[in-house]
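In what follows, structures are represented as structure tokens.
Consider the two complexes below, in which chain A is the common component and chain B and chain C are the respective partners.
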Partner chain A sequence: MIRHFFKLIWNKKRSNALLIVEILVAFLVLFGVMSLMAYNYQNYSRPLGFKYEQVWCLNIGWNQDTAQIGEKLKSIYQRIRSYPEVEIASRTNGNTPFANNQSNRNVKYNKVTIQGDIFSTDEQYAKALGIEIAEGRWYTRADKGAKHTPAVINQIAKEKMFGKDNPLGKIIQLEGDERWKIVGIVENFKQRGDYQPNAPVFFNLSDWDMSSVLVKVKPGVDANFEAKLMREIGNMQPDWVFELSYLKTLRKSMNQQTSIPSLIFSIVCGFFLLNVALGLFGVLTLNIAKRRSEIGLRRALGAPAPAITIHFVGEMLVIATLGVLIGLILAVQFPLLNVFDLEASVYLVGMLLATLTIYVLVTLCALYPSIQAARIQPATALHEE
Partner chain B sequence: MLSNYIKIAWKVLLRNPFYTFITLFGISFTLLILLVLSAFLDHMFGSHYPEQQRFRTLYIPSITLRDSSRTSTMKGPMSYKFLKKNLSALGGIEAYGISSLFRTTNAYVGSKRIKMMVKYADSGFWRVTDFELLEGKLFNESDIDRGQHIAVITEKVRDEYFGPGESVVGKPIEFNGLKYRIVGMVKGSPVTHPYTYADIVLPYNSPKSEYESDSKNGAYIGIIRARSARDFPSIQREFEHLTQRGLKFPFEESGMKVAHLEAKALPFLTGFIYEFFQSESTEIFFTVVSLFMLLFMALPAINLINLNISRIIERSSEISIRKAFGAPSKTILWQFVIENVFVTSLGALIALVFAQIILSIFNSSGLIPYAVLSVNYTVFGIGLLLALVFGLMSGVVPAWRMSKLKPAEALKGA
Partner chain C sequence: MIKLSGIEKVYRTSSIETLALDNINVDIQKGEFVSIMGPSGCGKSTLLNIMGLLDEPSKGEVTINERQLKGYKDKELARIRNQEIGFIFQSFHLINDLSVLDNVEIPLLYRPGSGSKRRELAKEALEKVGLSNRMKHFPTQLSGGQKQRVAIARAIVGRPSLILADEPTGNLDSNMGNEILNILLQLNQEGSTIIMVTHDENMAKRTNRLIRLFDGRQVF
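The block that comes next holds the complex of A and B.
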């Protein structure tokens, strides 16, 4: 029967070619959008790796000041810690959670070199952000002055650099011949928000002049305290610049950088599909109107009504299959040529969802006109001849 | 004759509302998306408040410093002194302005926290932009020289800090631990215009502005207003020449031995592309945008062609009867051309109305404060033209082919 469908479609290849092209283009658009969705979902479903609810982020700029920056920063930090409203405070470099700043460096172990996000922090960082340690421990004060800088890595960094080996206690090498010793492993750390792809992360204990302070405040602390805090530390260094933001707010705007474009894409794609669905529906209705006599003849020769319905839906599905097949051949090039450096599973999910959507759409569009076709009375259809 | 054809087209539209809906939906929805998208691009890159004269404005967004082997690069905004030295020597321009990029700060009113963007600027900044002054005045050279703590604010700050409708001139506003006297209030700039966006503008010699820095890197960008866009090449050449003047390579800058210095004055779009893609060619940008739009139009176009080709069968009896009564092919062709133009124009009209509605909803939604998006009629024209081409190809070609048939054959087929 399927061979019969192909013969029928081949006989009308010119008018069917356009339908195939339409399904092909629709498939490609769907493939793109579905892959994007799958990619976003995959990233979103991994845990963030830290808690942000009660945490404020203070960025400090010292402008032209060059004298004893380290000492001044330290006294500001001590002051922040001394407030009873502050539960815990941690000093870190400018690449704070949900900030647009990034710090990347190449990290080497044996012959493997990977690029990772580097977070230079103090020993309070994990506590301030509620980071859970999977293996080993977070670095402490006692690690200061050790021969190698203590470092904590995440799971993906471990997999990429050490495979199945235990990384604890291993020494990794950074550009500029720095050496770090791994003391702990965390699961995840998505600094760039919920939609950040899984990337290697390296935390290290730093004594450098760190320009940001993460302040975890006690529940119920409001802007009154914030105003007081800003006024008092502002008075400590009148020429410096202090910027305070809430991680909660930063997370929202960071996530929107991904979610809003995705939302717009899917709305546009949805309207596209509606357009295509209506078009298919219309074309099919017209095609069936043209083939009334054929249907009448088949009915007169004893074909049952469901057979007619199945016939027209089947023909449409064969056309859809041809379009989807060409689309799949094009789509499969993305994982094969590794175009965007994404995991193959993202594309596979994209292809699967796009194929499914096309089939559902085509079946739905074909069903109603085909049922209508099955209702044609052989006598009236043949009479028109 | 024309009104007759349109009457027929109208009747055909009414005869089958479902197909009419599909056809019009396809045309108008596609055009609608094109219009909204181009309105956004136009808003980003066109000449709009407060940069209405962007077409004759050059921007100096960054300086690039490289070492002799070109392995390390530093790129970013410049220092005030570097810009001042080079821009003040520049001749043949209408005005220049120097301003810092915006920086976040918070002001506190009781237990309320107000987030504000602060910008430091010289008096030239007001001459290269066209801010609408709502109250008071903008600071000029002598105000800056007096070295007082003064500020120009936007309505947004007034509404949040003082309350809507309050008079603000002469009142103090406190942030960053300092008090500033407000001298003027302007209508704000949208965040999509990064070089003019700010809630508060302070004179460049205010505290914390870093204007005294002697290094090349800094927090400032330059804006040049030319007399006309024709002067761009000569200004650009002169500016590039000035930036290289009196430099002794290599020199030290933040621990780097600088052997190459590059600072360019560029039109807005070129500058934007330069910042992101390190290339000055706007052709790539336009190619990408138009390819995307063409691809986007492909699906509805195929849909339209498909439907039109299938629907011509409905009209076969009409065509053959007209032929049998002696109408030449040409007349029939014209009838279908007019009919298609009519339907497409109807779709375009619907698109235009909906685009206006969507954009005005967007403008009043406050999603991007101060952003005023409007329909770009050039894009509307191009979109309409493309829709006509597809409509004619799909609607007229099959009709024309059918009109070539012998009337007897056509009638038999019907």
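The block that comes next holds the complex of A and C.
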């Protein structure tokens, strides 16, 4: 019977070509959306690498002030640490968790150079964010006098730079001939939120005037303390600008930067698919109306009613298969050519989901007109001719 | 072979009730070649459709090969149509998108069997109607007579015991009509039971028996 379908479809290739193209385009759009969803899900399912629930981020701007910035920052920091409501405070550069700021640099070890996100922090950073150390240790105050700046890298940076070698104690080189010594490894660190791919990250102990403070407050600390904190540090430097945000809020906002466009894209795709579905439904209904005598004939020659339904659904599935096959040939180029540098599994999931969706869509669209076709009275259909 | 007892067929719409067949009693024996004649609209095709299980009578009984078919389900009726009845239509009803050979194979698609066996049987049927040289052609490339021969091949490919022909020569000129009738006579001589609806008195005379209908009633 399948051979019979292929013959019918092949012999009507001109009229079926448009349908195949429609299914191909739908497949490609679905492949894009599904791959994006798979990519987002894959990123989302990987741990963030830090805890944010009780952590506030204080960004400090000193405007035109140039005098003794370091000292003034230090006294603000000391003041924050002194509150009993504060569990830990950590100074860091502006690329705090869930901020839009980034600091990228090329990092080299032997002949391998990779680009990574750089986080210059103090020794309290890991504690403030609850970062778990997989190997080695986090840097401490005692590292300050060392010949090389102590650094902690994440797992993916380790894999890309050192492969299976142990990176602990190794010296890496940064642009400008700066050298850091690796003292520890963490698993993940997704600064830009849950949807960020796990990219190479380098933490280093910094002595620079750092413009942000991560404040981990004790459980139960509320907005009253926030108001008190802002008032008191504001009084310490009245001309400076202090901005406090909860990491929890920042995370939500950062995640929305990915989830909202994805949602919009999915809705647009949904409308597109609805159009495709209506198109397929219309084409098949018209097709059946044009083939009433053929239906009558098949019934006369011994096809039971369900065989007619199967026949028309089967024809549509064969047409869908041709469209999907062409789509798969195109889609498989993405992992083969490593387009967008994504893992092959993302594309494979995209292909699988797009294929399944097409088959479900085509079956649903074909089912009703095909059931209607099976209800056609053979005597009436044959007489119409 | 086929027996119709007290057949009545009424077509109902919301306002009109039309009696298409009224008390038809027919008993056709195995190996007979029977013609059904009558003016247009007298119910010939309706009768043939009931005989071919394409339509249900409003009243009465149809018996084929000793089986009284009242209450048979669609699937069972389809199986009987497929294995025991062959149809030939005035307008051929060939599928233009399929080759001659593929058209002839259609009845065999609805019964178990391999593709090669189907092909073999279809070729045999086409040889029987003298069209073995046109197997790869498409219906649009054939003359009317050739199309009807393809339809005959399709009707006999499943080796049915009963062939129902609804004005098989109606769309053909007299030469081609005779050619088709000769094939049907040949099939009858080989053992097939044939029931043919026709308008042509001369053709009806060449069959074993004639059933005349007028206004849905059998006339003698």
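Keep this in mind: the second predicted complex is superposed on the first by the 381 of 385 C-alpha atoms of A that agree within 3 Å, B and C clash if a C-alpha of one lies under 4 Å from a C-alpha of the other, contacts with A are read in each partner's own complex, and residues count from 1 in each chain.
Basically, contacts are C-beta pairs under 8 Å (C-beta built on N, C-alpha and C of every residue); 3 or more make two chains touch, one makes a residue touch a chain.
Keep in mind that this is a model prediction, so the values were computed, not measured.
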| item | value |
| --- | --- |
| First, second, both or neither for A:294, with chain B first and chain C second | second |
| Partner chain in contact with A:84 - chain B first, chain C second, else both or neither | neither |
| Partner chain in contact with A:169 - chain B first, chain C second, else both or neither | neither |
| Complex contact set, residues of chain A against chain B | 15, 18-19, 21-22, 25-26, 29, 63-64, 222-224, 226-227, 230-231, 234-235, 238-245, 268, 271-272, 274-276, 278-279, 281-283, 286-287, 289-290 |
| Chain B residues within the chain A interface of the complex | 18-19, 21-22, 25-26, 29, 33, 103-106, 108, 110-113, 176-178, 207-208, 210, 212-213, 298-300, 302-307, 309-311, 313-314 |
| Partner chain A, residues of chain C touching it in the complex | 45-46, 49, 52, 54-55, 74-75, 78-79, 81-83, 87, 89, 91, 93, 95, 97-99, 102, 105-107, 109-111, 115, 138, 154, 158 |
| For the chain A and chain C complex, residues of the former touching the latter | 1, 3-4, 7-8, 11-12, 293-294, 296-307, 377-379, 382-383, 385 |
